[in-house]
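Each chain carries a letter (A, B, C and D) given by its place in the written order, and its residues are counted from 1.
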Amino acid sequence: MAIKTGEEYLDFLRETKPNVYMLGEKVENIWDDPRFESTMKIVSQNHDFAFEAANKDVAAVQSPLVNEPIRRLSTHLQTTMEDSLLKLDLTRDIANRRFCAWCGSNIQTLLWAVTWETDQKHGTKYHENMKRFVELMQKNDWDSSLGKMDAKGDRSVRPSKQQNYPGVRVVKKDAKGITVSGCKVHTSYGPCTPIISVMPCRAMTEEDKDFAVAFWARTDTPGITMIAKPSPNMEHIDMPMQCPMSSAFGIVEGATFFEDVFIPWDQVLLCGEWDMAALFPYYFGTIQRQSKCSCLAGHSDLVAGIAALVADVNGVLNKSHIQDKLTHCMQMAEIAQGCAFGAAAAGKMHPSGVFMPDSLKANAGLNYIKELTGEHIQMLHDIGGGIIVTMPTARDYQNPKLKKLLDVTLAGNQKYTTEERMRALYLCRELSSTEFTGYYMGWGVNASGSPHTGHILVRSHYDLEYRIGIAKEWAGIGESSEWPGHNKGAKDWAGN
Amino acid sequence: MAIKTGEEYLDFLRETKPNVYMLGEKVENIWDDPRFESTMKIVSQNHDFAFEAANKDVAAVQSPLVNEPIRRLSTHLQTTMEDSLLKLDLTRDIANRRFCAWCGSNIQTLLWAVTWETDQKHGTKYHENMKRFVELMQKNDWDSSLGKMDAKGDRSVRPSKQQNYPGVRVVKKDAKGITVSGCKVHTSYGPCTPIISVMPCRAMTEEDKDFAVAFWARTDTPGITMIAKPSPNMEHIDMPMQCPMSSAFGIVEGATFFEDVFIPWDQVLLCGEWDMAALFPYYFGTIQRQSKCSCLAGHSDLVAGIAALVADVNGVLNKSHIQDKLTHCMQMAEIAQGCAFGAAAAGKMHPSGVFMPDSLKANAGLNYIKELTGEHIQMLHDIGGGIIVTMPTARDYQNPKLKKLLDVTLAGNQKYTTEERMRALYLCRELSSTEFTGYYMGWGVNASGSPHTGHILVRSHYDLEYRIGIAKEWAGIGESSEWPGHNKGAKDWAGN
Amino acid sequence: MAIKTGEEYLDFLRETKPNVYMLGEKVENIWDDPRFESTMKIVSQNHDFAFEAANKDVAAVQSPLVNEPIRRLSTHLQTTMEDSLLKLDLTRDIANRRFCAWCGSNIQTLLWAVTWETDQKHGTKYHENMKRFVELMQKNDWDSSLGKMDAKGDRSVRPSKQQNYPGVRVVKKDAKGITVSGCKVHTSYGPCTPIISVMPCRAMTEEDKDFAVAFWARTDTPGITMIAKPSPNMEHIDMPMQCPMSSAFGIVEGATFFEDVFIPWDQVLLCGEWDMAALFPYYFGTIQRQSKCSCLAGHSDLVAGIAALVADVNGVLNKSHIQDKLTHCMQMAEIAQGCAFGAAAAGKMHPSGVFMPDSLKANAGLNYIKELTGEHIQMLHDIGGGIIVTMPTARDYQNPKLKKLLDVTLAGNQKYTTEERMRALYLCRELSSTEFTGYYMGWGVNASGSPHTGHILVRSHYDLEYRIGIAKEWAGIGESSEWPGHNKGAKDWAGN
Amino acid sequence: MAIKTGEEYLDFLRETKPNVYMLGEKVENIWDDPRFESTMKIVSQNHDFAFEAANKDVAAVQSPLVNEPIRRLSTHLQTTMEDSLLKLDLTRDIANRRFCAWCGSNIQTLLWAVTWETDQKHGTKYHENMKRFVELMQKNDWDSSLGKMDAKGDRSVRPSKQQNYPGVRVVKKDAKGITVSGCKVHTSYGPCTPIISVMPCRAMTEEDKDFAVAFWARTDTPGITMIAKPSPNMEHIDMPMQCPMSSAFGIVEGATFFEDVFIPWDQVLLCGEWDMAALFPYYFGTIQRQSKCSCLAGHSDLVAGIAALVADVNGVLNKSHIQDKLTHCMQMAEIAQGCAFGAAAAGKMHPSGVFMPDSLKANAGLNYIKELTGEHIQMLHDIGGGIIVTMPTARDYQNPKLKKLLDVTLAGNQKYTTEERMRALYLCRELSSTEFTGYYMGWGVNASGSPHTGHILVRSHYDLEYRIGIAKEWAGIGESSEWPGHNKGAKDWAGN
């Protein structure tokens, strides 16, 4: 079986020797460095998860490519509506239970589609490279980090017009491969992955063609440097009672620098076909944003659960204003997940054999939930109360004299011990009032594209002209028909 | 073929002689009364529609029961996810093009399911009656109005505890049938339908069992009286330029009174099985609210189209604040439709053979869009401008002297004639500033159940306990597990 | 005493013979025409009001100009903060009690200030004309309608660049006066006022100087034609039970056309001083929008009262979700009124002797409440229920047979008779579901300027540079100081 | 002169020896402990501030009690509307420039009023004690922390009914004074103040009378223990570039425990007069919430400035969607400040000689802005971009090799150096994505009372009955009058 257990995977990772910096200093041995331990926890759990009785039928799936079970969320190509629905359910639940569900499968799927289209149009062989990449990923049960967003310099100027555009570009090509330089930001988990997948983040013009490049690489390829940002609340993970989430798992973030990195041709997925560059963010904005709806639905579930728990330890769970706020949170989750499912139901097969959801519904749903991220934080403060900001630390509670004072003082609903109430308050606090809040907000507001990007996508994909036409018919402007819209072709019915 | 053309259907309707009052006086001959003409337009178009080249493949569907094509939205039983998706697409588009898409199919489907369950539990024969009813509806291509909402008297008191509960109840039973009395409100289109389907609107206790009654009846059954409310803007439909929607179709609303009405047993669908009463509003709250999402998505499309048209005639379509407002409107439509599709994708087969959508997603999506109905009106005023309220009437424009003044004065974007601009403004005005606005709001806010009802449903169906459990595991409260939610059964994955 | 009773004022109005059209036909005798009766009710009540014991001390005020009591809201110049606060309180209360509080005083005040500034800059004598106008208004207790908004043609093109700009402009000047032509739209109440005050609605350039014109005129001046739009729900005012507001008072709207109208010099308030044109909308956007905050606060009070009443007749006033919605409505009122008061408290004396509120607070508060107008309508539907759209008409209730049915059927909370419940529902319906709704929305959303205009004003008046400077100091960008903002001059403290 | 410079004040503080714990250990010498240094910065600046040329005329005010200049925001009794307006302006500006404006004056003012009322009703002498307290505060230029919120135990049970109610209560009384025990939470700045003012936080019944106690005490009175929570981001203040706010000032929070603390009678301000207890939170909910409006207006200004700066360094300040978001933020500030000013304008003199704002407007405005706190955080993420979460640390930037990479990579708008862009991003990050965010949210959402408390206050103070009466008159229900509301007494006009 191709799937590695968490332990097997961590063993495998030790073979990778990435060049990583943290807090200004080179990391000597990342796999034994305690600052990466919490991130490795979540990395390895993503493997173990496929072995658990409760979910193995969903989390693992038989791959037709390698003819073995593989992990559905990490390396699988999405090929049917049912597959998509299973992924969305799984994503929501893991996002609730473990914050991050891993979404590598989306990246595989979109690269599969774009390389296919590129080959069709340009007669290239990128899709074969992609197929080989997928087989390697699946056989070896690798994970890949994502190098998509270029550092952008002056946003109002095209890459080719900037003197020092900092994004990734081809600096040399020869018979064996290409050489690339430049920087990709937001490479989440990067230092703890063996592979990085690099792709364009925007539409290009012919002048920008050097920046129209996609490939995969081992993270320890010579010339790659990662600056890793410490996982949130790392300074406090010795107080797990106070930092229950950060002590359970970590998210090392970072930026990845390429300095004359050589990539052999069989790892190249695009090189110079500038007219295809826009397809990467387009399909990303479809399949990844659908998936993000479920991720944020799971986060809404997380907030609903924490808010309800903290209301209960405070003794106010049954108050009508609390119930109303919780209901609002439940609705956020169901609307986001509803739109994700709806995007699947309105999806279509891509000629390359993968299943693509409906971009309009995925983006509308994601815009909805993204813009409510701040409300989640607001709700946790509103229901948690001022105490989540002012309460003594877990270390105070370890001092027996102070513990005695606090046990009386911070008692709440008698169903719970004071310690249990404090634990619930600390959990609420961690999500709403610490460095972790920044990650929560970042993953809600900007991950998978900013809200404004989503608005642009909806605006450009919605058929407004058709609706203006109907309005004209209602108003009696222009050529009339028996009733509005009656000339609409039959082909439109099924497909929207 | 079972489907009647609009003309055939209107001919058929003439055989029905309902007892109808309007504006305090008995309506002598409804089918020749001009006050019902606009309503009959929409009624007949719902039939014609199935013959149009553009949509006949979707609007008409082969019935396995009668083995003939029938109208999908009116008399068809929904039996697959695909069927549901086709209905939702059709509903949205017709709601955009013709305001009301007709949703009789939902009522048939829910009665099918509830009568089946009742027979299973109580050993009754209602489902056979239902089957016969469906066959009659399909063979004859009838439409039915809906008598669901009881007049409720004092809402804080159960039916059986009120001295004069005004809802429908059984007053007599004998070998041949039952005799019912009482009132159902909100019987939209009632006077222009040959059939009315009556069902309970709330959960009942044993004491309320006389009110636990469902049946169908011809609308001209002795003892039935309808008070019809004139269709909106009826006074102005001689100025179609000013009332483009009301002059194109009408919506007679009304209340239906039963005074000792005899219903033969083979038309009875529930009689006294009080424990089943709650299922009617429950399944209504599932399938009808899913459908309502699409109806209101279509209305959002309508508003987007009108707002864009009026912005264009005003010469401001490209302003960024206008584009933002239009985008917001597009998103409303896509989110509502996304949730409707999502509810289908998460739906399940009912053992009676019909397909039931997911109640949670349908309700969350509907609550979302319902609560934005006022924003639609706001947007039309905001984009239309003060002129939609203060502009001269269409009759002024018929006066040549005034027309000359107005042609100069009300000119706008040069792409359009002044008359075209006025037509667009009148359309915007009719939807946002007339009696029609009341219908628009009513269909948005309260039709298919008030927003509060939807909130209650979400609150009661969402599995909050599961999420509190996950929060407890994060916080370290109670029995711990390796990681949150890990005991969740595999069965939950697929079904949410 | 200068103040006329309502009856005296109506007698006086008979002397005016304006040239008015309605529904395409010339109105022969406006003062005896029943279609203007409801509008004259509100016009005359504005006079009577100053005589009522309850409010005469506020509604009437001693004028230093004419040394007699005059009506505070109609003809008074606002000269102190206290005066402003009294006006705002009165405006809110009358808007609640009588929908429209009349705001002529604001127009007088702004014309006073602008003519003063024009004379200072240009050495003209407009302020003397203005003073004479105010004295005439006060001595005769006249009301004036407002001709501010030009018909604008193609909004993207300046007046002088349009071939047929339809706004008002000077077409001739001679020793005796000026001759003007063009159209002003939105002249509310116009046909029922003896005077119209005309002013520019936008900034002008030198090329536009012919359009930079302000003056006052009798409404029956030769060459003036008004197209009057019937007051809302006029067709139904024979059913006052169903139309309680429209039958109590009316709002004739209209457009006013000037065709070579001669205006003597002593009635001219601006003629060609194009650089002053922008001051008219600027001061209007200050004093009138402050006043509009109170007007809409009063409308929020009206909605709160109606919603509470209808919740009570429905028997659900004490439900928590109803209480929450009502509280939201109360807050809207208090926030709008709070900002109006705040704008007064932050106001300043204009050198011409009138008191000007703070533009930023007035506009921020007005933007807030304007954008909630649709929510008012939403709330009335939400709390009123579907019945406000579907219920039988008042004429049905006059039929004894139907009355008997309805008395049972529409009974609600036992505190009220069925007729009382119906009256409350009809009131809720009229505000939310009829042509009156259009007026409600129009007065909320666009009257005194569209929301977008208000946003522009806030954006352009708020001192963002100062706050960016503080952010820079926090960030340590640029010249540092001991702590952010510390170089800010003392002069700013008091004035904001 | 009574006002101490910051340095003088810190010298004075050294005389106080409070019993303080932090992170589970006793703090040996708080005044030399680096963990309190940042908090002492803000404490001392509040003194220095009154000496700065720019604002001394506002920040300092002559006290009629001690006949010397005192600090307006800290120890002054508010006695006029003008005084209130000056405070609000100052509060907003300092909240923008220095995050916390100090609001001790409000506490002094409310205690002044309540002790006066208590003496009037109960013949007690608390007001004399209060006068002495104010004189001491003013003469010595002390600051006081606030002990208002009891730890509450089970919120659904009254204090007297709980076995171990943890709030502060009188445990003994004798001729010399009273002895108190129990805990007050949320004592912001407590360990760094010489004085604490203690008062009830809720209405009481006769059984609760032991909890109806108010007094002041030196913070080093025997029996008082404070658990201090470290100021936010304290672990990182050695990276001031990354933590510009936390390194500039701190906010030690904490809980204060009273264990048999003796308070002499002349420091007692309430003892057992349970019927007066509700007045403390009532007047707090009036004057403190008005002040909080300005505090949060200043925070909105802060967010507007930071968001604008970060948009500028990112090169997108002029994009329309950015401008719209900034305008929304400006409006938040102006609405909150507008309502604060409005509450002053509608305020009244209290018979004790202090000036009390209007509670309804203060609360409505505060509820408005409180509920937008999460939107502030959302906006900073939206405009800042994902980079604020993923960007390398300030320590990476200190490594010359990495600095070289980052200088190219993180360059943005060419107006700024890369370091300047990074500084702006770090500022945005600190406010939105760190432990500081928790304080920001806590001060926005819960400080001065939770949003729900504010809603309750609005609901209970708004005269809904009057508006229901007007609705009844419109509807024609009950006794009619010529027009709605006409029986309202004249006394109501001026006062709202």
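Structure notes:
Simple rule for what comes next: a contact is a pair of C-beta atoms (placed from the backbone, for glycine too) under 8 Å apart; a residue touches a chain by one contact, two chains touch by 3 or more.
Only a predicted model underlies this, so the values are computations on that prediction, with no experimental measurement involved.
Across the two candidate interfaces, B-D and A-B, the one carrying more C-beta contacts is A-B. Relative to subunit C, the chain whose mean Cα position lies farthest away is A. Averaged C-alpha coordinates put the centre of subunit A at 38 Å from the centre of subunit B. Computed from the mean C-alpha positions, the centre of subunit B lies at a distance of 51 Å from the centre of subunit D.
With touch defined as above, residues shared between interfaces to two or more other chains in subunit D number as follows: 321, 324, 455. The touching residues of subunit C, counted against subunit B in their complex, run 21, 23-25, 149, 151, 153-156, 164, 166, 183, 185-186, 188, 225, 227, 229-230, 235, 253-255, 257, 314-316, 321, 371, 373-379, 381-382, 385-393, 395-399, 402, 405-406, 408-414, 429, 432-435, 437-439, 441-442, 444-447, 450-452, 455.
Interface residues of subunit C, counted against subunit A in their complex, comprise 320-321, 324.
Interface of subunit A with subunit B (complex): residues 45, 52-58, 81, 85-86, 89-90, 93, 96-98, 240-241, 244-245, 248, 301-302, 304-306, 308-309, 312, 323-324, 326-327, 330-331, 333-335, 337-346, 360-361, 363-365, 367-368, 416, 420, 423-424, 426-427, 455, 458-459, 462, 464, 466-478, 483-490, 492-494, 496.
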